[in-house]
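Right, I'll just put the structure down here and ask away after.
Letters A, B, C and D mark the chains in the order given here, with residues in each chain numbered from 1 onward.
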Amino acid sequence: MDAQASPTLPALTETEPGKTVLGLSPSGLTSVFKSIRRRSEALCAPLSVEDYVVQSMPDVSPSKWHLAHTTWFFETFVLQGADGDGRVHHPMYGHLFNSYYNTVGKMHPRPLRGLLSRPSVREVYAYRAEIDQRIGELLLSTDAEAFKRIERLIEIGLHHEQQHQELILTDIKHVLSCNPLRPAYRATNRGNRNATAKSAWVEFAEAIAWIGTSGEEFTYDNERPRHKIFHNAFQIATREVTAGEYIEFIEDGGYRRPELWLSDGWNTIGGLGWNAPMYWSKRNGCWFMFTLSGEAEVNNADPVCHISHYEADAYARWAGARLPTEAEWEIAAHDHDVENSGTIEGNFVEDGLFHPCAPLEPLPTNALSQMYGGVWEWTGSPYTPYPGYAAPEGALGEYNGKFMSNQMVLRGGSCVTPRSHIRRTYRNFFPPDARWQFSGLRLARDVPAN
Amino acid sequence: MDAQASPTLPALTETEPGKTVLGLSPSGLTSVFKSIRRRSEALCAPLSVEDYVVQSMPDVSPSKWHLAHTTWFFETFVLQGADGDGRVHHPMYGHLFNSYYNTVGKMHPRPLRGLLSRPSVREVYAYRAEIDQRIGELLLSTDAEAFKRIERLIEIGLHHEQQHQELILTDIKHVLSCNPLRPAYRATNRGNRNATAKSAWVEFAEAIAWIGTSGEEFTYDNERPRHKIFHNAFQIATREVTAGEYIEFIEDGGYRRPELWLSDGWNTIGGLGWNAPMYWSKRNGCWFMFTLSGEAEVNNADPVCHISHYEADAYARWAGARLPTEAEWEIAAHDHDVENSGTIEGNFVEDGLFHPCAPLEPLPTNALSQMYGGVWEWTGSPYTPYPGYAAPEGALGEYNGKFMSNQMVLRGGSCVTPRSHIRRTYRNFFPPDARWQFSGLRLARDVPAN
Amino acid sequence: MDAQASPTLPALTETEPGKTVLGLSPSGLTSVFKSIRRRSEALCAPLSVEDYVVQSMPDVSPSKWHLAHTTWFFETFVLQGADGDGRVHHPMYGHLFNSYYNTVGKMHPRPLRGLLSRPSVREVYAYRAEIDQRIGELLLSTDAEAFKRIERLIEIGLHHEQQHQELILTDIKHVLSCNPLRPAYRATNRGNRNATAKSAWVEFAEAIAWIGTSGEEFTYDNERPRHKIFHNAFQIATREVTAGEYIEFIEDGGYRRPELWLSDGWNTIGGLGWNAPMYWSKRNGCWFMFTLSGEAEVNNADPVCHISHYEADAYARWAGARLPTEAEWEIAAHDHDVENSGTIEGNFVEDGLFHPCAPLEPLPTNALSQMYGGVWEWTGSPYTPYPGYAAPEGALGEYNGKFMSNQMVLRGGSCVTPRSHIRRTYRNFFPPDARWQFSGLRLARDVPAN
Amino acid sequence: MDAQASPTLPALTETEPGKTVLGLSPSGLTSVFKSIRRRSEALCAPLSVEDYVVQSMPDVSPSKWHLAHTTWFFETFVLQGADGDGRVHHPMYGHLFNSYYNTVGKMHPRPLRGLLSRPSVREVYAYRAEIDQRIGELLLSTDAEAFKRIERLIEIGLHHEQQHQELILTDIKHVLSCNPLRPAYRATNRGNRNATAKSAWVEFAEAIAWIGTSGEEFTYDNERPRHKIFHNAFQIATREVTAGEYIEFIEDGGYRRPELWLSDGWNTIGGLGWNAPMYWSKRNGCWFMFTLSGEAEVNNADPVCHISHYEADAYARWAGARLPTEAEWEIAAHDHDVENSGTIEGNFVEDGLFHPCAPLEPLPTNALSQMYGGVWEWTGSPYTPYPGYAAPEGALGEYNGKFMSNQMVLRGGSCVTPRSHIRRTYRNFFPPDARWQFSGLRLARDVPAN
């Protein structure tokens, strides 16, 4: 077990994506490219060949599919693009590994991804190797003008790759959880991570604030344009809600009291029989959970995880609070970042815990903490376009814009997000009943009247 | 047919609800109460006994159920309340006619409302008569202090009644449309309502604006509190999109071009095979629609109707525009109201058209029109609580708050809304795939850069 | 209640169908025709207008539909036939009231019959009156040769009408049972019907026997041709299994022991949560059932009723016996009929009990009883064509033949079957999970080895 | 391709199961046991590791599951039985690999078999090796009395193994067919197998016949007891219906003519959109089919295959004939066997064609041929117990008896059945809509009247 305790993800090079990937030399970009691509494979290293194949529900994709789809992304948008070499690795891969880009062509139906035993895992790795090779050749052989265009495509492709790195882990967790054998993805060493801290409120006065970004750095289109919003005074909690606090909610009849729930939430928990977070079960009066390291006892000090928006919302109502809006979250994060000199710290995939563990040391009691990593924090904001938003032209315009309905925004990244992938303005989004992601919450509230 | 052409809905008394229902004398309030209650029955006058029974889909309720449910509302919240007479008309009616108030008790499942042949239509009318009688007695016999409490319950009950008056019509339209005999609810005389006008843009500059209400007048809780928002400059169309314009969208392949659609919308139209608004069909190159007056040819100058949020959104994208936010709509409506001295004009249920007909005279080309009545206008705003919103205590807290997820806001009322029911701050809401309501759209857009 | 206690179904004339309907004079046939048609309406007399409309599950049809469909049958096969008057009552009724005759044309989908508030009950009765009038005119005006052809169509139409008389009752029972008000179809007086008798075995030796019919009398095509079968020696029970005996099975864990069940049966009871006959519920240790006379305590001496084939089969296995084959049943019925001089006696719809009540006097202990009426008896025989069977030419060939898969044969008629409708060779059939019919069982077994 | 053309299934030893497996010496039985067990693995040799995992529909099981389940069968019924060693290979395997033996304990739900990436293929093979080893040790170490009991369990286990050998092939065919890459299980060499022969009728006179078996040889319980039946005179076709003949049925509108179909069949083909056998598709006017050797043109002389009972029944009706009853088939097979000295010949799995190919030489025109192998022949007989049938005591009583509802009998074996597995009295059974097995038909008819 010790042997596996320290994950050995390949380190990223100094130059991380999202910050300096543009303007690198061809060989510098190739190096970043290969480093990130290698990590996807490193995350799959603990898997058996059989693990790569299974799709345990329509939301989940087989690991093999993730590896191939991210490769198809580079093949399609870089190599098949105006500046690419135009060669086709396999005539059917476009059909099999297109996720949702209708502009590019028809695709294999998502719920049937688990029916595909072929191409084999080995063939998928060969596909990756070939595309990586051709990308490398393209970067080194292209002229400066084309390079300018290509580096932007590489950049989004690498961020896309990182998103799927997270999904590889959330999806294989679901796959393994469906198996009565309860196999672990890999052993981890959580150490003495049980430090607790009282939660407190940090207050922000009514103001007009700038949200989103208009800068040069990489962001997704949905974080733009930077725009002004007006907000009332509000308070936001210094830390995330813990598993122990959530157990109090459960034991107070939280799942049986309709007045705490949105109507859709009440119908969801009734219809699906939910009475605790996903992966939790109670045996002999004790709560257990399935983790990427196998079955484990719930640790009270950890942030609560694998809850839907409905559960986060009901918990907040029970606690006499509410979820923050995404603007409130971003405003708070701005202050937090200033205090931390812009360093993004937290429990990320590189930490190799694969679980939102409590910290080793107690958190500060008067300052915001756990803003990044650990769990994605549900906000009370539906996922809508920012004022002035316009989706890019072409197929990549399908990346974000078309999903702006029936989803809620989450912020801050999780314990399976790559650290270099996250930023203050980052908007993640899932339907309100989704809970196979590492999703939790932080409380907010209006400033009480005196 | 002529005989039926002019609907003879009972006129409301001078004092309309939402404005002056509070502060009336007991007999004055009784008079308003009876007037509004009578209208529900008047709207059912064209129905056969059999028509009252059918539930054509889970969203639809039988007419009989609407008549009984609104009565149960008064019985439960007024007569069973602290100041009521406490008598129970029938021990099972609470179970049968509770819609969704979990706080009050368990209820008959919504999708099974159409299985109830009993109580009979006659019994439901007797139930109404008894409750109306007892409400009248209560109003006239209670002391002043209790009257103050009761009049607030009567007020919300009457607005609730009006909402169901609209649903009686939208629901029976759906019921009748499912019948291959295509029966009409009643004949109407649309006259020469084909006037058209070019659509133009009205512009509003960037500003901080107040939205919602904090006044004394009646509103639902979801319109409160009044609060500030910041908005960019925007333009909004002078009138609603017409059926003729929508046909252009259809003929331009609107339903076959994925790039125009939200992802959920594209899946919805594909899964359900939609290729036109609800109730529309094409025969021999001509578009027909089912109306409350039976089958009719689509009239190009009418506002397009019975479209989902997805279709409204796709149309707007096709037209190079977008849906207004609900704040934008309300800001525009404010200016419109000022110009019109606060008078709410439009095609309402009292006009007896039961269809969003084009006007008799051309609309003004430089001023906002059709803001009220005709069709509910889809906005681009998800239905969320206003900053500082808190649901009321008790069962009536379930009225609005718990539905604030997965729904989109619509504004302005429709041709089957009672005129006295609507106001500028009124927020209607439906899931984005709903289209059996009289729902259409008005375009908006960002101010183009020069 | 007394007033309703004796049902007043119109008596049939002396000449009953199935025996002498052929060869009657035109006025004699008209008289029988009108008598049977009137009875369908008499059975609907206790219904409210609303009751006629509801379809509580796809298997159930609204009463209104039954009345119209049987009328359509005469209109289509007699009046629209070669010898009919050819007039069409309403151009859409063929679409609305065709049940399953693909040869005749397309039809309204069965599960949507409950969406049709129109035609009204009044219009359906008018339809019946007109068709009856025209049939009467046709019978009296046609020439002798055509009369020969027409009387055969009238004959099958009357048997068809009688089948729907039974369905009117089984279907309205289901409709009313879905209503939490638990309304009764009509009060009945069961008197002191609690007589019991020990069940005994009647034995039949191995033999070749003739099954089915080839005679001149009316039968459905599925009872033909008469043919030989070989059977082993067997024993059959003198009477039907009682509710009290069935309760022993329940209390012995019958619904929880997989070894007693066919695999499909086990999956059915698990999936649907069955643990007692349909319409049964247990309160305070006592079994109650919903009947056409409302809620009542289960009477132990009554034949058990509203069980599926799966439950009948499991009960028989639990009892160390099996279901009889349909041939065994018919062989036993032959002996029974000989002893009873061919008189068909039992609890039929004319008795007005509408429930399989125990008899007033104890049954004979050494002779077969309860062979007719009471409950349809499930046999162990799948519904297949007799050797040499051929469906008739034309649309009426769809009457029986096409249903010969996935159904099991039941024999003997029930308490809601018209007495003149039943005969020894009559083959009823339902899928093995159906139980809204009045269906029960009688045991059989192989002759034990000595 | 040539290299793969000749399948190299391990030959069975001289002593085949079903004939002489009882009475062998311990080492002789061990040898047969290992030989049959090895063949299951040999059939999986062409599979990739990924192929073993996928479940493409609930009826299909992953190859890995088949290999483990058959092993569990021996572990449970032999090693865990009274005479076994009682050791448990893995505490969860009983849960994972029990198919449907409720008596033995709860089991993993069938539709979720494809979610199990673990145990790995390697672990399943290790499981097989260990159980085989322990069975071998048991056979060689047990005393004579226990050996007598054990050999009977081994015998049924081996027949069970052979059934799953067939399912391994039918299931992997379905899995591979779902993959747009259309991978082949293995290349085969069909040679010049296009010989045709005119179909003729062989007539059998009315008689009493003995059906089933009461002998000492191995059979399943459902083939017993031997019993007498009476049958009319009938005719049966000399050979199976060919693909070419079936194409005539299609081209004559067979799938569009309701009068040809059982009602359930008509609903099935309508609901599922069937218009040809499974695996068939038409391109440029030519019929293609997916086979275990990949996509191929339909060969007119081959027996038609992968049709449901409904399609077989409709074809027969179109051809003016019917399906034989299972008794008729067995009577015909008896004569055929006498003429062939009891030798069972046909296209079996050992032939390595994996498809019901036409023969190399024309078939005899006056004698029955193709009775065994090629395709399972649908009969017109529902699967019911033979008179006097009793399921065995204990868990093995669940093997056959509980499936005797809603299924139809098929006879004769197919091109993926092991030759030593089939016999004249063998009763296979599937629901009437199943068609992923190699199922076809042979015609029968009543003797035409002169």
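Just so we're on the same page, a residue touches a chain if its C-beta (ideal position, glycine included) is under 8 Å from a C-beta of that chain, and two chains touch if they have at least 3 such contacts.
Being a predicted model, the structure only gives us computed values, none of them experimental.
A straight line joining the Cα centres of subunit A and subunit C is 61 Å long. Between the Cα centres of subunit B and subunit C there is a gap of 48 Å. Averaging Cα coordinates per chain places subunit C and subunit D 39 Å apart. The set of subunit B residues that touch two or more partner chains is empty.
Taken as a graph of touching chains, this assembly is arranged as a ring, one closed cycle with exactly two partners per chain. Pairs of chains in mutual contact: A-B, A-D, B-C, C-D. Considering their complex, residues 48-54, 56, 64, 92, 95-96, 108, 112, 114-121, 175-176, 178-181, 183 of subunit A touch subunit D. Every residue of subunit B that touches subunit A in the complex is listed here, in rising order: 100, 102-103, 208, 227-232, 258-259, 261-266, 309-310, 313, 380-382, 384-385, 387-388, 397-398, 402-406, 432, 446.
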